[in-house]
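Here chain A shows up in two complexes: once beside chain B, once beside chain C.
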Partner chain A sequence: MHSKKAKFVSRNGRALLMLIVVVSACKREQRQFDPPPTTTNPAIVQSELQPGGAPQPQTSTKSPVEENANALSDGKRLFSLYNCTGCHANGGGAIGPALMDETWIYGSDPASIHSTIVEGRPNGMPSFRGKISDYQVWELSAYVRSLSGQLRKDVAPGRSDDMNVHRSEQRVERKTPQQSTIPKAAEQP
Partner chain B sequence: MTGRNAPGFLLLIISLNLAFAACARRENSQPSGLPNRVQNQPTGAQQTGVETDDGQWTMPAKDYASTRFSSLDQINSSNVASLKLAWSFSTSVLRGHEAAPIVANNTMYVVTPYPNIVYALDLTQPGGPVKWKYESKPASASQGVACCDVINRGVVYADGKIFFNTLDDYTIGLDAASGKELWKTHVGDINKGETMTMAPLVVKDKVLIGNSGGEFGVRGWLTALDATSGKIAWRAYHTGPDADVLIGQNFHPFYTQDKGKDLGISSWPADAWRIGGGTTWGWISYDPDQDLIFYGTGNPGPWNPEQRPGDNKWTCGIFARKPENGEAVWYYQFSPHDLHDYDGVNEQILLDLPVNGQTRKVLVRPERNGYVYVLDRTNGQVLSANPYAYITSSKGVDLNSGQFLYNETKNPQAGKVIREICPAAPGAKDWQPSAFSPRTGLLYIPHQNLCMDMEGLEANYIAGTPYVGANVKMYAGPGGNRGEFLAWDPVKGEKVWAIQEKFPVWSGAVATAGDLVFYGTMDGWFKAVDAHSGQLVWQFKCGSGIIGQPISYRGPDGKQYVAVLAGVGGWSGAIVAAGLDPRDPTGALGFVNAMTDLPDATTKGGMLYVFALP
Partner chain C sequence: MSNKLHIAVARRFWCCAVRRARFVLFPTLTALLLTGCGGGLQSVLNPSGPQSEHISGLWWFMLITCTIVFVLVMILLFAAVVKGRKGFPDPIAPPEKETRESERRRGVVVAVATAITIAILFVFIVDSFFVGRGMTAELDRKQGINIEVTGHQWWWEVRYQDVDASSIFTTANEIHIPVGVPVTFSLKANDVIHSFWVPNLHGKKDLIPGKISTIWLQADKPGIYRGQCAEYCGHQHAHMALWIFAEPREQFDAWRRAQIQSAASPATASEQRGQQVFLSSACVMCHAINGTPAGSNFGPNLTHLASRKTIAAATLPNDRQHLAQWVDDSQQIKPGNRMPPNKFSPEDMQALLDYLQSLK
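Here is the complex of A and B:
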């Protein structure tokens, strides 16, 4: 037999759950029609070796889009439209390295990926400075992170409009990012 | 030119004349210079333009007819079992090694993949120590526009010089004795997606080179450089107006579909020819009698065919040109309006072949679309085109009209996945060159057995980035073996024997007068088989998978050697060379799906292996 108290708790619990869903969905479903300007001068540290022992304060720029499903969906579309797929395939890599694995040559945090896209990297990653709007670079960076399961499952894209090639970004196994031990440049004389 | 230089110039002319005279003498003395056995043709197929085999290996294809046949016979089926490793050499590079070692004047020359280091190894000393080393230091960014690994297919030796191409579009001439740079010419632009991977061919005083980048919307060309100065003598584009393609009044294609003004513009949507591909990254042959070069053109861009209605001239076809000024003499298009990335760049072997009781000057070409073509090389007529692989994408070739008959149910479409397209994008055979033995009359073809699912996507052109527009997944064709090494009778136009291999056979082949044929596998086995029966008679496990071109030469000690570069990679081996993720079947343009077990079978590492009898 259920008491009134139990009913009360259950009703309250439901309300609380609703509230949580609404609050979290708030950012998830947000549409940014006039994207805010973002700073693009993140302090990126790519070495574990820090003279003096005291770690440098890492002031990683926060991605404005990582909790927004719409931005992620855009990022997935842009990844193909800007020909990222031509070099990185659907995350498995081709001319460029795989993006769905745990290995990161130039950093896995949003700011590092952002600067990789904007600045380019020495072994073949082109610089897209001036070619892609800053907000779209953040959308792309977020999508790149979703390929190895770094984002919340309810934000990452759930399906592909094209040939089904592998598990959706929503269901992909999360890989713990690791710095590449042998940078590509060091493999070659 | 100043008066001071005139004596030097005269001297150059005299020495060039002497060189030509020497060539002529050599050609005239051919019949007597040939071993008797070579003239006995079991099947009637004859190699043309036979150059006397001096035991060297000065160009990747061995000779102008591209036979890759060595007339050395010390190593044969009776003693090959005792063939041993004589020495080896690490190239210090880890990517795919597709080059042929080149041997001239008791020196071996090897070029590595990016960063394109050239080593000269002294064959007169035990163990082949390094005589000199030349570092070309290509721009590291060029790695980002190389579609299918950062490979290089070899150097070429001519007149005391070494010529080769770098990934970042330089052609370099070196002094073969010292390694000193003689000239370095910038011929392409990585910011348009151009790279260079092919081995040059030297004809008279011209170094012939071509660009890569069919997956980047580049405009393909063949260029001739002056061998002495490195200056560009002429350039023939493979799309655009006739003036750019070097089509003039001496151009006489055999079939009507190749006749007309400026087809390189009218067979494309407006301006699409400017980014239409048709690159030259394969092989060139030369017929001294006709004074013609023959070579093929690559795929049109993008892969998605719906974005480029029309025949897309002059992609996926073969040109005959005059080496002197580049003018086109004839052309034939293997795959008009290419649908499946069937580049037309494969090797052509120049033979004299009996056709309906008549001996015809032909070129034989195991084409990417799955047919062995026999073309009359005087006019470009297709004499036969017989399938050597499993094909679903086409129904054959109409020998009257020369038209390639597509199977329309396998035409790729945007937004729709078309399945079981065979052969897959790399074709029934990619760049890996076959060998011809005049002793058996057979052509030995290393190739693959792959099919694919393909979906067209809208491709955006952004200069210097890929221009493909397709999702592709490859997998093994019928039988499950992804590779095959087969012997082909070019007279009967049929398969004689075949060896099934687990992985695509991505190495070249060499045939010898010892009636052996050598090739390598992607899991690292270097094999010798009997040229008549295909029976495996010897094998050696190399440290890494083999995608290089084996050769055979006579050392300063008079012994016969066989050499090959190991070092897995290339398009097929990218999963290992570039460490791609096997969970994405579309990786490496869909090749990853067919190669997920390769990382278990081999590891990377560039190494030269040289074998001899004890």
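Here is the complex of A and C:
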């Protein structure tokens, strides 16, 4: 009699536990479907970044989307919609540097990439200030980081809308970011 | 009570009527449906030029020949069934022993039928070969207008070539051609394979990345003809359409002169603000408006956007409301297309729409 009751409790307890686990997974992140509009005439900022081995300024700005799978997949789409692919190909680099390797010229932290997109960089990278909304720039910079496996696997995009041209960002091994020496292109801006 | 009875009776009557009328009803319905095929803006059976006349000629020839063959075969089949029934009253009884004579006769019939079939198929082959040849044979001599069409996911870039570089211009999704003049199309693709198909004027021709395919066509009647991408090219393949406007020569020349011009300068304060919004937002990253610093060719050229009847590759009518929806969030209309959503403040959006609608 006693064992029957114990069995009942243990079975229902297990079911309850599984239910809690499943339900807790329902809302793993806050998704923003309607990002705030682009601000017109934003202020121009003097960048402190230096190319190559010079010490990078430590920024404390935290990316709002680094742990948001939806924002990452948005970033992946924006990467081709805003024609980043025109210069960086699908991350392997073309007339722009590769983004899926361990080498970083202007810093690998989210804030540095954000500022690279917003400010532009010498010899080619245009400034997208005011063109792309701030939230989308964060999405893009987070996606750029996922290309070399800097983000959590459950956040990085797992599939492409089109034919896969490289291993999905989810399956990329993490590469330890290294600051590049000054690239030839940046020596004489 | 009586109501229910009435309904039951009516239903019963209706069922019986349908059952009885089946043999009349379905052929009539089919015929009605088929009438929808002809006389359309996008139909092989409504040829409007020499090229599509070739194709529809072949189509009718094949249809009529095959119909005659089909009817003959059916008549022979029924005749055989009827005759066979008379010949073998008892279906379980063993068949009569075949004589040498009947065996020979059967052999001759089969041989003749096979020979006729092969001959008909051979005629089809020869005819379709000559139709194909006829469509490309005079390509070199067709020195009319040269239009370069580039297939993109999911829209058509249209570039009017000219020996005079200042007369070259680019538009999108809507092609104007003069009536009665051969027009050469150079077909290219930038991403995947598309296919250019305007059934009233020409057959399908694939647009293959890295290759230039050339066709010519001619519209003999003024009118508008719908074209459609005919090679599956991704999510929005079905929404990759185009219009061809065949116009009298003077009308075409006037249109062409207008298209060569740079964009109209913004006249009102609102339009000026709209231009500023365009040039300082993401629009300028993909679209060109001749006469302004906007010069990117990743998306359709918008220099004379307001002169077009449709937007989004002939998907939406070109009016203010649809334009606004498209600019705001085109992904809800054509999911997967290459235009990101653009969030503007209401004032900026109205100004931008004013400006875009002034681009006549």
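For the reader, a short list of remarks on this structure follows.
Heads up, the rule we're going with is that the second predicted complex is superposed on the first by the 126 of 189 C-alpha atoms of A that agree within 3 Å, B and C clash if a C-alpha of one lies under 4 Å from a C-alpha of the other, contacts with A are read in each partner's own complex, and residues count from 1 in each chain.
Everything that follows uses one rule, which is that a residue touches a chain if its C-beta (ideal position, glycine included) is under 8 Å from a C-beta of that chain, and two chains touch if they have at least 3 such contacts.
As the structure is a prediction and not an experimental result, all values here were calculated from the model.
Ranked by how many residues of chain A each touches, chain B and chain C are led by B.
By the touch criterion defined above, A:Gly86 lies against chain B and chain C together after alignment on the C-alpha atoms of chain A. By the document's definition of touching, neither partner reaches A:Pro177: not chain B, not chain C.
With both structures placed on the common chain, the touch criterion links A:His166 to chain B but leaves chain C unconnected. Within the superposed three-chain model, A:Pro122 lies in touch with chain B and out of touch with chain C [touch as defined at top].
Looking at the shared chain after the overlay, A:Gly130 reaches chain C, while chain B stays out of its contact range. Shared-chain residue A:Leu78: touches chain C; no touch with chain B.
When the shared chain is aligned, chain B comes close enough to touch A:Pro97, but chain C does not. In the superposed pair of complexes, A:Gly158 makes contact with neither chain B nor chain C.
On chain A, the surface patch touched by chain B in one complex and by chain C in the other comprises residues 80-83, 86, 131, 162. Remark: chain A residues 34-38, 40-41, 77-78, 80-83, 86, 128, 130-133, 136, 161-162 touch chain C in the complex. Only residues 92-95, 114-115, 117, 135, 140-147, 215, 415, 417, 453, 455, 457, 459-460, 462, 464-468, 471, 473, 574, 578-589, 592 of chain B touch chain A when the two sit together in their complex.
Residue ranges on chain C touching chain A, taken from their complex, read 234-235, 277, 280-282, 284-286, 298, 336, 338-340, 342-345, 348. Every residue of chain A that touches chain B in the complex is listed here, in rising order: 80-83, 85-87, 89-98, 100-101, 103, 120, 122-126, 131, 162-163, 165-167, 185, 187-189.
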